[in-house]
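Dropping the structures in below, format is structure tokens.
Common to both upcoming complexes is subunit A, partnered first by subunit B, then by subunit C.
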Partner chain A sequence: MTIKNLFVVFALGFAGLFVAGATSSFAQSHVNSPDPSLGTPNVATETSHIGNLTGHAEEGKHLYRRYCIGCHGPDGDGDGMNAQWIDPKPRDFTQATFKCRSTPTGTLPLDQDLYNAITRGFVNSNMPSWNPLTPQQRADLVAFIKTWSPRWAKEQPGTALQIPPETPVTIDSILHGRELFQKMECWKCHGPAGHGDGPSAATLTDSKDNPIRPYNFSTGTRFKCGETNQDVYRIFMTGVDGTPMPSFADVIKPADAWDLVHFLRTLQDMDTKEAELWKTYVAAHRADIKPIGPDAAGGQ
Partner chain B sequence: MPRKFPACFRGLRLMLVSLLAVVTLPAVVSAPKGSSTTTAQAAPLPRIRLNAIPAFARKYGLPCSACHTAWPELNNFGWVFRDNGYQLMNDRDSPIWQNPSYFPISFRITPNWHRETADHQPIDSIPGGGPASETISGKVTQAGFDLSGMDLWSAGTLYKNISFQLLPSSDPTAVWHFESAWVRFDNLHNSSWLNLKFGRFELDNLISEKRFLFLSNNGGIYQIYHFNVQGSTNNFGYGDNQIGVELAGHSKNSYTRYSVAVLSSNEGGVNFTTDVLPGAPPASRSYDVNLAFDQAFNGGSLGLERLGAFAYIGQRPTYYETTGDGSVPLVGLGNKPFYRVGFAGDLFLGKLELLPLFMYGHDSAYLGADLPSTSALPPGTPSPAFAGGFIEAHYYVNPQLVFIGRFEKVNVLQQSAVNVGSVPGNYGDVTAYSIGYRWYPIMFSRAGLAFHNEYSISKSIGIVPESGDGTGLPPLFPTNGVWSSSLFIGFDFDF
Partner chain C sequence: MTKKLLMLLAGAALVGNGGMAGLPAPAGNASISGKVTYTGTPPKMKPIDMSKEPSCAKQHATPVMTENVATGAGDTLEYVVVYISAGDSDSAAPTAAVRYDQKGCQYLPHVLPMQVGQNLQIYNDDQTSHNIHPLAKVNPEWNKSQPAGSPAIDTKYDKPEFIPVKCNIHPWMHGYFVVLNTSHYSVTGQDGAFSLKGLPAGKYTVTAWQEQYGSQSQDVTVGAGESKAINFTFKALPY
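Presenting the complex of A and B:
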């Protein structure tokens, strides 16, 4: 046997060894199957329904391994290899607690809510928009995410919030929203100017006791759960579960909620109709505007 | 007729001939009866490639598989990330959000063992030559442990919506050049349809040779991306990085993409020459244009299906302004045109990915006749032309194991005038096959490692294979078909 042939044999053997290893203990990043004794949905049969799409958990499992496992972990508990470096921390799917929902606080979200979250991503976090994935792939991921918690087998999602038509954007609406911002003590977390620096901000933690920062309205153009006025309305009417941000659905009326939306828009560094109205008003009534904060009554 | 390599390879060949002096592994030569073993003039051409960028994975905390079907090839999420100027668009893309100790740099090299063979090689019947020796046709085989070239890649964002890339790249002997260097202004006027890139960069081809999954000498290039009809003075290679400015745009999910690039007519050369290495001929003062468009379609459960088309319209000089009584060329003059057009696809059938490509190439008759544009073409002077393509298949068992294969065929449709009558009609035709797999034992957000095993073989008529065959010599006769093979085993890693 020549040296050449020896090398060929060596090479092929080497190759065979590694191919064998590729399917056994050498490989990492396997997705673990949820413990059936917990009563979690079956990966083989769990589905999601988004419009005309039906997502399949079995397919979603492969996609989860490719795209999600690094942060959300092989057990779906948000403890992926990269989680220690991430702030805010990745979602723990075993708790089935989701920030962005159209359903009341404490209830499971709709499949569409999870689909929207995957599609949109979460601004100011490590969760990107997965819009580049096909709709079917995103639907499959939604189905698989639901296999991590027994809640999905025992509970039904909540009823979606009905958002009434938006009220006209007027200076009165903005000023009333400002009063509500003071009265409901939004400023305690979000700060008087919406910079996320209220007196309580430093003490806030999420449901897993991780430090969490209130949203800073002055940066960015998007919110975690969307960017439209309807999205803002939905956020504080359903709350952001897993965070200190409560639902205000039982506290304020729909018309008042729209006023609050209009005021919040003035805190952003954006050229919106609300901002334009507010700037005009401030220019003419600066002396009449009372500061927001612990010593102020709010409003004009 | 000696094989003319693209200019970018000629310098590399010279360097590698020098490398032969220190090659100590003996080659086993199988020659016709009466011949004996000799030392091979092994001159495998190093692959020049871009790669995956663990620096991005470290920055964003995503595993390699998020952006790559199998690194370094991009999936659609990776396309979008790249099209956005290496941004996830989550308002944390600017470097100001990064830990100050973070530095966007990646290294890639591939320690490997490989075996190269080529038949129909002209060798001395008596090793070392001598009066009794004659040139005979034989098979040359070389094998041993080796290194690939090395990439030292820095890329990322300078600021929100300003991205950059700098890629010094070396051959295995550590001779460096700038493979890529550009700055890009992204999302002009808040539109993903307007992005302006300036510098030296890869053409916006749908199937990238810089991020593909083959590494061996024979399989490590797309033959058609570097193909020129023998005898033509055109040095263009569609797979080579070019230098200029590119306007590109894409839809939010990159389903629709376009690019228009204006490039110096110098094959990506620097210092007003036609190469990135010293000693290249001077360039002309003209410009080329590259146009590319592709559109993806949602294939439902099959995956994303993408189709694209491209056209490169360029020109090359036919003579030079000179000094020293004609001995020193100064500037290329008398430009004559050429073009390359084609279409490509990226098609998914579940875990199976198919990458078809077809290209047609046409050069001015002046380039094929090696005549200055100031002279009249003889009647009937043909214009060199070729056509061909490939189909490549990837089967993704999972994100950590992919099987790969490719068939490629390039035919000369019209020989250059300088060769007409002296070579067969199929002179220069190339047929190539590759098969292999890549296994990624680790897949996380800090580094990448792939065990790569590949066997590639090519047949070229009358010429030395483009991809490097272990000798760098054409066969004795233009009718000879040279079979060249590569067996490659290596650990491809980047950090």
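Presenting the complex of A and C:
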């Protein structure tokens, strides 16, 4: 075999690789259209409204093909090529069930909620922050995501939760929040110390029967649906749809909800006013503090 | 003259009936009844360990059994929903609500049929929190916490669907909401018997649904006042 022949063989080999690569990426380069009989919104006309931005689904479709299809799939059902390697699984847009909402459980989120989710990404998952895309591009994606489910053609988003101004962070507020953590049985999943190791934690599954872990407050600073005290308030009041985390909007009063937020902050390993107050209190009153969990007085 | 006027009025009332919601479907006096049985070997129902929830465990003298394939003497199947799936005129939801209880960390009843648009009231009768999580796919999926002593949750479903219900806190709790487009339905008891009454004469499709074995249907024609007997047999698998 001459040098020249060898070169030809290599060249052919490379060409073959190139073709193979092109073919496999081609397999998911096309975004499918939902069955029109489902009554999903029209891609040509569906829009989103974020502040004074208007997103257009037609534009979003091109962006989806470029950035989202690998995980969320050509049918928007969360079954893209990468999905099998991913945990938690990519969102299935055909169900129109979304984790991070300002709207009541079971209702559609606001466009702004979806925009925030795309912008923020989801910590502890494969969904990155899409902040590098322009606001217009993110708005276009929100509009396109809404064309996967007929619910967007028939229903209005829910009414956003009204969050009253935050109450002062005091030790009384934290102590009352702690009582709620016991009474609402948050510890059943999140554990007595918020480590995500409560008695029901091991059996939890999401709505597609995939195992899911409750949030471990000691590990980090950020939550799936934001990082501010307002975000924490919103998360437990509206619930995290599609997961075991229920909505507490019907059973926790707004003022009490702030107390719970203040207590939850003490479970995190962070330099917050809540943590400082709590540490000082614990140092002075260790003997008075009843344990959280099944053996607590007043518990079951 | 008076007679004619009366007839006219009656005719107008009938026309009005047809287009108005909130009125019961035209009543008949035919009925379809029978039994649901199985062949083969159903799985053994297992005792549920409620030791993680002592307030519930102490409500049961003997362990509660799983209910996904509940059977009775004579190979009968319990909790099978038998309903008219075609041929029934649209019947508006009754004003009375259906009631669903969480008691002793169990759903009562295990399978709850209701009509589209009918009010559903969910109660927590226990000394513990439950989260009620109906895993709807056609209807919206929601998930609400209901601590001990909370008021009932009032809700309803707009589309027909078989909705599995679970409590994530107590993973052994399983039930079904069966949302139907008809007022003619029946859930089998331990004797496997069902009965669909008050049917106008006509041709119907009768469907039997079991949570693990799915649905099967039969076409039945009944004359006015006729009582027809039909039976359903599911093939049971031990897993």
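The criterion applied here is as follows: the second predicted complex is superposed on the first by the 269 of 300 C-alpha atoms of A that agree within 3 Å, B and C clash if a C-alpha of one lies under 4 Å from a C-alpha of the other, contacts with A are read in each partner's own complex, and residues count from 1 in each chain.
Basically, contacts are C-beta pairs under 8 Å (C-beta built on N, C-alpha and C of every residue); 3 or more make two chains touch, one makes a residue touch a chain.
Keep in mind that what you see is a predicted model, and the values were worked out from it rather than measured.
Visitor: Is A:203 contacted by the first partner subunit B, the second partner subunit C, both or neither?
Guide: Second partner only, subunit C.
Visitor: After superposition on the shared chain, which partner residues are touched by A:33: those of subunit B (first), subunit C (second), both, or neither?
Guide: neither
Visitor: Taking the superposition on A as described, I'd like to know which of subunit B and subunit C A:128 touches: first, second, both or neither.
Guide: Touch status of A:128: first partner only.
Visitor: For A:42, is the partner it touches subunit B (first), subunit C (second), both, or none of the two (neither)?
Guide: Once the two structures are laid over each other on A, A:42 reaches no partner at all.
Visitor: Mind working out whether A:219 is in touch with subunit B, subunit C, both or neither, as first, second, both or neither?
Guide: A:219: touches subunit B, not subunit C.
Visitor: Which partner, once the models are overlaid, touches more of subunit A's residues, subunit C or subunit B?
Guide: After superposition, B is the partner touching more of subunit A.
Visitor: If you stack the two complexes on chain A, which partner ends up touching A:244: first (subunit B), second (subunit C), both, or neither?
Guide: second
Visitor: Taking the stated contact definition, name every residue in subunit A that is touched by subunit B in one complex and by subunit C in the other, in rising order.
Guide: After superposing on chain A, no subunit A residue contacts both subunit B and subunit C.
Visitor: Enumerate the contact residues on subunit B facing subunit A in the complex.
Guide: 28, 60-63, 65-66, 75-77, 79-80, 88-92, 113, 115, 141, 143, 252-254, 298-301, 303-304, 397-401, 437, 439, 441-445, 451, 453, 487, 489
Visitor: Please give the residue numbers of subunit C that touch subunit A in the complex, ascending.
Guide: For subunit C paired with subunit A, touching residues are 52-55, 127-129, 131-133, 135, 137, 140-147, 150, 153, 168-171.
Visitor: Spell out the residues on subunit A that touch subunit B in their complex, using ranges where they run on.
Guide: Touching subunit B: residues 2-4, 7-8, 11, 14-15, 18-19, 21-23, 26-29, 59, 62, 65-67, 69-71, 81-82, 85-86, 121-137, 219-220, 222 of subunit A.
Visitor: How about subunit A: which of its residues touch subunit C in the complex?
Guide: Within the complex, subunit A contacts subunit C at residues 95-97, 104-107, 151, 155, 183-185, 188-189, 199-200, 203-205, 207, 239, 241-248, 250-251, 294, 300.
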